[in-house]
Amino acid sequence: MAEDVGFGDITTAMLPDIDGAADLIAHEDGIVAGLHEAQSVFNYCNVTTSPLCNDGDIVNANDTVTRLSGRVRDILVAERVALNLLCRMSGIATLTQRCKLAAGSVTIAATRKTTPGFRYYEKKAVAIGGGDPHRYSLSDSYLFKDNHLNVLSIEDVLSKKTFFTKKVEIEVEAVEDCLKAAQLGADIIMFDNMETNEVISAVTALKEQGLRDSVLLEASGGITLDNIRDYASTGVDVLSLGYLTHSSAWLDFSLELHM
Amino acid sequence: MAEDVGFGDITTAMLPDIDGAADLIAHEDGIVAGLHEAQSVFNYCNVTTSPLCNDGDIVNANDTVTRLSGRVRDILVAERVALNLLCRMSGIATLTQRCKLAAGSVTIAATRKTTPGFRYYEKKAVAIGGGDPHRYSLSDSYLFKDNHLNVLSIEDVLSKKTFFTKKVEIEVEAVEDCLKAAQLGADIIMFDNMETNEVISAVTALKEQGLRDSVLLEASGGITLDNIRDYASTGVDVLSLGYLTHSSAWLDFSLELHM
Amino acid sequence: MAEDVGFGDITTAMLPDIDGAADLIAHEDGIVAGLHEAQSVFNYCNVTTSPLCNDGDIVNANDTVTRLSGRVRDILVAERVALNLLCRMSGIATLTQRCKLAAGSVTIAATRKTTPGFRYYEKKAVAIGGGDPHRYSLSDSYLFKDNHLNVLSIEDVLSKKTFFTKKVEIEVEAVEDCLKAAQLGADIIMFDNMETNEVISAVTALKEQGLRDSVLLEASGGITLDNIRDYASTGVDVLSLGYLTHSSAWLDFSLELHM
Amino acid sequence: MAEDVGFGDITTAMLPDIDGAADLIAHEDGIVAGLHEAQSVFNYCNVTTSPLCNDGDIVNANDTVTRLSGRVRDILVAERVALNLLCRMSGIATLTQRCKLAAGSVTIAATRKTTPGFRYYEKKAVAIGGGDPHRYSLSDSYLFKDNHLNVLSIEDVLSKKTFFTKKVEIEVEAVEDCLKAAQLGADIIMFDNMETNEVISAVTALKEQGLRDSVLLEASGGITLDNIRDYASTGVDVLSLGYLTHSSAWLDFSLELHM
Amino acid sequence: MAEDVGFGDITTAMLPDIDGAADLIAHEDGIVAGLHEAQSVFNYCNVTTSPLCNDGDIVNANDTVTRLSGRVRDILVAERVALNLLCRMSGIATLTQRCKLAAGSVTIAATRKTTPGFRYYEKKAVAIGGGDPHRYSLSDSYLFKDNHLNVLSIEDVLSKKTFFTKKVEIEVEAVEDCLKAAQLGADIIMFDNMETNEVISAVTALKEQGLRDSVLLEASGGITLDNIRDYASTGVDVLSLGYLTHSSAWLDFSLELHM
Amino acid sequence: MAEDVGFGDITTAMLPDIDGAADLIAHEDGIVAGLHEAQSVFNYCNVTTSPLCNDGDIVNANDTVTRLSGRVRDILVAERVALNLLCRMSGIATLTQRCKLAAGSVTIAATRKTTPGFRYYEKKAVAIGGGDPHRYSLSDSYLFKDNHLNVLSIEDVLSKKTFFTKKVEIEVEAVEDCLKAAQLGADIIMFDNMETNEVISAVTALKEQGLRDSVLLEASGGITLDNIRDYASTGVDVLSLGYLTHSSAWLDFSLELHM
């Protein structure tokens, strides 16, 4: 709230001190997310909220998602922050669910490509949309990318880790590295920026070596709604998409005041 | 940084303690923004930065924007946060400039439809892209929207304001309200969600009454790259677009490590 | 509260755990301000408050402004912080109102000459006393002072500003600069440290050029209760006084406990 | 700084990016305090400072206290915050020293009647002016006032305290209470709002009982420059004055820019 | 709570959303401390608490100290933080009381040898166990140790102090220094790392000089349950032990859930 | 530092402003930890540090671990905080290493039984002593304890988890539960408060079913230096001990000033 209010809402301060009611209304079809956060903003401003649906529900254009009542000044001061939370989180949840529907039984996951300071809410929106939030921070699990493997061998990675409670994920760009990581006991292998036919070759090679079932497989890099079906059919367990958080547009909601 | 690092980067902690160099490389054409912020993140992690361009410059795919040198561990810990800042801010600056080119001499402005907690950086990216950041917070200037004018008349608004240093902006949806606001001395009039022909009628009416020059005119609501030329030719001074911040995708950059 | 309590009020901790009532009593005539803040301090300490007047009301010596009830320990722990807010804010509001009465229809405004960290409350007290808080921070509006105009011409200032929502104020020390600023479209002109006869000359010159009505005029610098009538009669719209916040004494209140 | 800068100094942002020098100049005679704080503000903004005097020194009108050099933008952004610290703290130090000169060998002390959030700096200014800061917070020492003694006897106070490292001060309003507190072993006795002749009577009574040397005596309540000599001659050790912090005016300084 | 919860309790999030009850149970005999803190953690998580005893009470193994009711998820999220507070504080209170019983009428005090960031709670536990918390911070009272007295004489210390409200404590390691400090008016003398016979000699010397009653005597350094009786019988007023906070083990409590 | 310094070190403020040197000296044999943190405290106070050993090194009584130089005042202000960090962290690292030596090739791990607010440093000390820090927070991995399994079946736990990147640990108290958890794919099984012979039975049963190699085994509950060899020989992979953090005493260090 501090960011939006500054030293005070000088416009709303001029309003008469009267009570009123208002609705939060969807203007597009999609999945609602951020309802809890939006309501918290209103409650913080002493506005009473009566939700008509829950996070994760489908909404259609013109649906009212929450009824509000309280001082008109308080409703209007809280409006923008609440809508910013609701619109951004619902946009991400909606895009996540579209990807999930396209990917069938394969898990859809987010990445750390999020807006600085707002990651928690973006990851939560992915989960509401049916996705896996993946790592919240660099301390969540081991993930060795190409830049790490330039200076450390896969053998070292898997023999020296200090947290027995953490999984080890290895990023590979070629079939040989994939086999090696699986043989040495990686928990997860990520195919990074590989074409679908390359991913299929790697999965096939793992199966031939009897290594497929002992490891989770994740594909990442350039996956969007346009190509997600192709990647989903390669045989991997998880698809992770920066696209969910860095390219989603808002789902539009507005506040209508009744006097 | 705290958000991304958690209690420590357990992956990078396993790397040998060696020095290295790296480049930040663009993967798309666009306008660079967030270079200062990205460099601050690296500097905070004791990585030395040598910029090859400035915020606001045009970059092409494959251009290196900054050279980095330092401990490999430090470079990799800072990578994601720095890229998140750079990619998001450059995405917004690039979209702003495209809108600006389409709008000719009309000013392009942002709105308060920003990611919670990250507004300052999104507004800064708009400015780098050549736009006007508009209000940072509710205390920046008076802006009376339809919800306010439901409970307060335009006469009251303009006769009772308490800050002589602040401009008064009135949102209108009809020609009569526009004329009334101008007659009563509004500093700025915003045409909200009006069709271009309605805006043209309002501007014409103001000119006929000799009121056009004493007021700034702003159009807002549903303006995107698709219709911006039409709105720009209506005769208003400013177009404001939530679209700049809520629907911009990232401009893609990556970090390449050299050993 | 943290500032005043340290690791705990060792004196009050020795009191028996009993309930009591108390009054906040004025010891001088003046305008009450800070009642809301004082009550918030008591409420935070679980003391119930029953106000007998509102911010902005006139009080006379010996008037009770608020009744308190709760644990005696809680009342005494909160006492000093609550009184410090009430006495300082009421002192400023009282001085502001005296200046306002002396200035007639001319607006009385504060400056940024405030106690570091406490500006919001000092500006609020000015508003309660009937004054205009002026700029809260450097991002509120443009104000070009002599030091700025040493390195930037008035022409540059008025042709290049980036925020269409912000007013431009120009500080002048001579009649020629005043006319130039008005001709170039300044929104506000501030006469800085000018004698009253100089201000009168400048206002007269503006009138002769037909520029008086398109600009707000503010006088500042060394204005106190002693000379405010003279400045108020020069024809300016606003008088701004650092004096309101940097030289106001407390309005004295105390807490009386009843057992 | 955050309080004063808001989201950015929009005025200074328009200045050309050039270097400059400036002086901080006194406009009144007094004692300098806050020089360290003012310089820290400038240093934080990357401005180099060269002090020409120290906190506690006497300055005369037109003396330069510190030379500044750096980017003109940085100097002007830091100006107001630095001056607010310097002017307020020097005002308090100057008033403290005047009181000290009037009081001779009697110690001058502050109270907790300070501006919320700014106490540390106001107490430091008192010390620079030659006074004793007295209690910073309620955990510094025991001080039983009339409101406490309404619900707790002096006997209880002195027999049950839990901190052997803390002194016990008892506020009295009558001679009998004074004698009793001294007999029971109070470390300090405060004469609250007593007339000078009453104080003299109490001191005399203590001497007659042979209790004068085992206790420190403090007078408080309504002491100002006008009556301080009278209180100083009553035979007490300390005079404490809320007046030092709640009624001091600024000592005026300004910043002059050289190009 | 933030430290323990991270971005969310992923385990508990999988539980069904049902209500339940639980008990906090002691597993060892001792003194309870931290009950208020533990309950605050539960209340913060919306769990209702019904205490069966108070801080400072004796508990025996298998005693229930507090009943809990609320959502099972909330109870389990709060469990660890609440127990950590309760077990650590009760461990310190229990050890303090054992020392107190061994020391008879001599005061037992803590030191500043505490866990960084947790001092307030460790000192509070000492007080609950019947001890004196001693200094919370370096601004509580004067304490001149050997390192200080290397560069400052006892005469200087006692003649120049600036806070009349603060006691002066002097650390000594020899009888002569002890006599000198007492003669010059020290409020407290600390015997640092002296054998019991040396302490006895010092106390005797003070008595012979008639100085014993004007000063408080404190022994410190290497005192534990093993030797506390010997030090208690030397004639000092206070024994201070870092041992209370740096070597106490937990008093074990656990949470039992009822469905 | 804020916790220890309060509003200022009133003792040290009286010292002359001279430079000096000092040593940090060990008084017991053990493992050093917290050297980095102790040095950071001194550096923050402008004291230069020259370490003579590294975190994790063995020290013997009377070894100097770090040389210090700077203003004497600064050295003494920083002393206590730096020592508190060094002594507490070294105590934990020393105890961890003793446990590790006793446990042979079995991993020694910490728990979440840490001092509130200080967990990061206590876990770091465990790692320096050669242990595994285990979970930093509830979001690190899944750990289903008896209280969770009261309301959720092992089948549910293992089929519904939402984070593919997180391991699942199941706490068991009986052999059947252990086999069930292994069959259903748990990553880690924790034997909670089981006697060594029960643990041996469970390990044997897992081997007989061919499930031993697909799961990590951890024993926890009441393990100390006294019984650690027995638990280490049961065949588990990891022993976790709250004892490392809740019952470790300090390793004693002091600061010696040279003039």
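The letters A, B, C, D, E and F name the chains in turn, as written, and every chain counts its residues from 1.
Everything below uses one rule, namely that a contact is a pair of C-beta atoms (placed from the backbone, for glycine too) under 8 Å apart; a residue touches a chain by one contact, two chains touch by 3 or more.
No experiment lies behind these values; they were computed from the predicted model shown.
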item: Selected pair, greater C-beta contact count between E-F and B-C; value: E-F
item: Interface composition of copies chain C and chain D: same or different, split at half; value: same
item: CA centroid of chain B to CA centroid of chain F, Å; value: 47
item: Inter-chain centre distance, chain A versus chain B - centres from mean C-alpha coordinates, in Å; value: 23
item: Per-residue overlap in chain D, given as positions that touch at least 2 other chains; value: 6-7, 120, 136-137, 139-141, 162-163, 166
item: List of chain B residues in touch with chain A within their complex; value: 3-16, 18, 20, 22, 72, 76-77, 79-81, 83-85, 87-88, 91, 112-121, 136-144, 147-148, 150-152, 156-157, 160-163, 166, 242, 246-247, 249-250, 255, 257, 259
item: Chain C - residues contacting chain B, complex; value: 107, 109, 127, 132-136, 139-141, 162-167, 169, 188, 216, 218, 237-238
